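The two complexes that follow have subunit A in common; it is paired with subunit B in the first and with subunit C in the second.
Up next, the complex of A and B:
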């Protein structure tokens, strides 16, 4: 992922593609929430248990991670000019995002299997 | 009519200051450049600024006018809120008063190789273009390099030595769109990377201030499309 720092076109395309997916998935999530019979954990679990939903939710988490990474990278490249500080901040962002991502996947797995 | 003008003389001043001037009997239709020339003639001959053609063709008198970059020679003073605040173009070093050092701007311009590159042997006659091919250069070739757009761009302020800025990128698009040019691949490869082109976040300050009514943001978007097509 760190090679992304040195690229221009690929992150730009991924940022746009992930934005479209995030928007579409959020609409789908909203639709599912509105049409749900009841709003409780078992309904949520049942919804996530369907293969389409769990896979698209996992993709959503991935899309958010990439989108956030590219956006934060842009902010750092714009404003943080000291190279050592820049590396440190980028590493902190990658760590935070990877940690949050793993946490989200763990929660997803526990909800579906546990 | 009241003016607040940025003054800095590196020989005698340790830091810049704003100086007030007042002009009476302004004729209708007076442009800001004419007002500045009157101040220089009648009140303060040390006031320094660049100007040449005086009709929006040469691009010498770009300056920050009430916070927006523009050419003083085609900006009517009657259209401006008073006191009219005049500063040098932001984001480049000040040489004196309203005169800036344009070297970084020209360096970025040179980086895009702003000339036709033809590898084939040159023909005995001209390189002809169809009217449709020629039309693609409209909105690109008219740039006068006044630097109003580039010095209004925050991405250029933060990374002037890495991000090329709207004026240079508009010229990059001008030669990428040219049917006679044969260096398309190299030009697109030169713009790859996170800085040269992709620091543009499409905020369109450049479009807002361009005194020639050009659209660098659209040109930058077209370069991105060319890059996508090239890599697919």
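Up next, the complex of A and C:
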């Protein structure tokens, strides 16, 4: 259960490790965008087709999900004190994150299968 | 026991916050803003890879006035969250903990994010 609840030092570590990865990936994404020959569909798909790019992007999505969950959870625990409302808000957040994450993974999968 | 009448004054909007507190609060606000942008970003990512026409429509959408303004808000959130986050990581490493350096760090975050937003804004509208 503690794997899901993320108690103690674990969320603190995950938050920082994911933050560093997100920052590095965004830097790489910015570099790729600036050095791209042109902004068009084929270049974009070609970039995503590279194994390093699609895998690091999938890892980026995963890092965002963890980072956003821990961050939003902390905010909710600080400001929402009513237990029922808290459960509702946390459920909405996790639903939004999982939905968005699966949506992004589906898109990434599409770029490698064609 | 009778409740003692103690002066409680915790209206955060009436207390003048130091710059370090403002940067810290903005880190939270920008984090929530970025969370709200996640579904939209996932939707646009999905659209951008489906077809050439869809890709063009995403680029076209991002050039509309309101989405552009929203995009600039997200860029502010990203810039602030990133720079303030780096500052917090440095504070974890005992760098910038003392009052003068903590205040300097907070100002550096603000200067850096203003530069990013200004450059992006110019790039968007010129």
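The working rule: the second predicted complex is superposed on the first by the 108 of 114 C-alpha atoms of A that agree within 3 Å, B and C clash if a C-alpha of one lies under 4 Å from a C-alpha of the other, contacts with A are read in each partner's own complex, and residues count from 1 in each chain.
In this text, contacts are C-beta pairs under 8 Å (C-beta built on N, C-alpha and C of every residue); 3 or more make two chains touch, one makes a residue touch a chain.
Being a predicted model, the structure only gives us computed values, none of them experimental.
**Student:** Which touches a greater number of subunit A residues, subunit B or subunit C?
**Tutor:** Ranking subunit B and subunit C by residues of subunit A touched puts C first.
**Student:** Return first, second, both or neither, reflecting whether A:9 touches subunit B, subunit C, both chains, or no partner chain.
**Tutor:** So A:9 only meets subunit B here.
**Student:** Identify the partner contact of A:77: answer first if only subunit B is touched, second if only subunit C is, both if each is, neither if none is.
**Tutor:** first
**Student:** Of the two partner chains, subunit B (first) and subunit C (second), which one does A:32 touch, if any: first, second, both, or neither?
**Tutor:** In the superposed model, A:32 contacts neither subunit B nor subunit C.
**Student:** Quick one: is A:53 in contact with subunit B, with subunit C, with both, or with neither? Answer first, second, both or neither.
**Tutor:** In the superposition, A:53 touches no partner, neither subunit B nor subunit C.
**Student:** Show which residues of subunit A both subunit B and subunit C reach, each in its own complex.
**Tutor:** none
**Student:** State the interface residues of subunit B toward subunit A in the complex, per the touch definition above.
**Tutor:** Touch list, subunit B to subunit A: 154-155, 158-159, 191-199, 201, 224, 227-228, 231.
**Student:** Going by the contact rule at the top, pick out the subunit A residues touching subunit B in the complex.
**Tutor:** Subunit A reaches subunit B through residues 5-9, 11-13, 73-74, 77-79, 81.
**Student:** For a test of understanding, state which residues of subunit C touch subunit A in their complex under the given definition.
**Tutor:** 28, 31-32, 34-35, 38-39, 41-43, 45-46, 48-52, 55-56, 59, 78, 82, 85-86, 89, 92
**Student:** Contact residues on subunit A for subunit C in the complex?
**Tutor:** Listed in rising order, the residues of subunit A that touch subunit C are 16, 19-20, 23, 26, 39-42, 44-45, 48, 64, 68, 71-72, 75, 93, 96-97, 99-101, 103-104, 106-108, 110-111.
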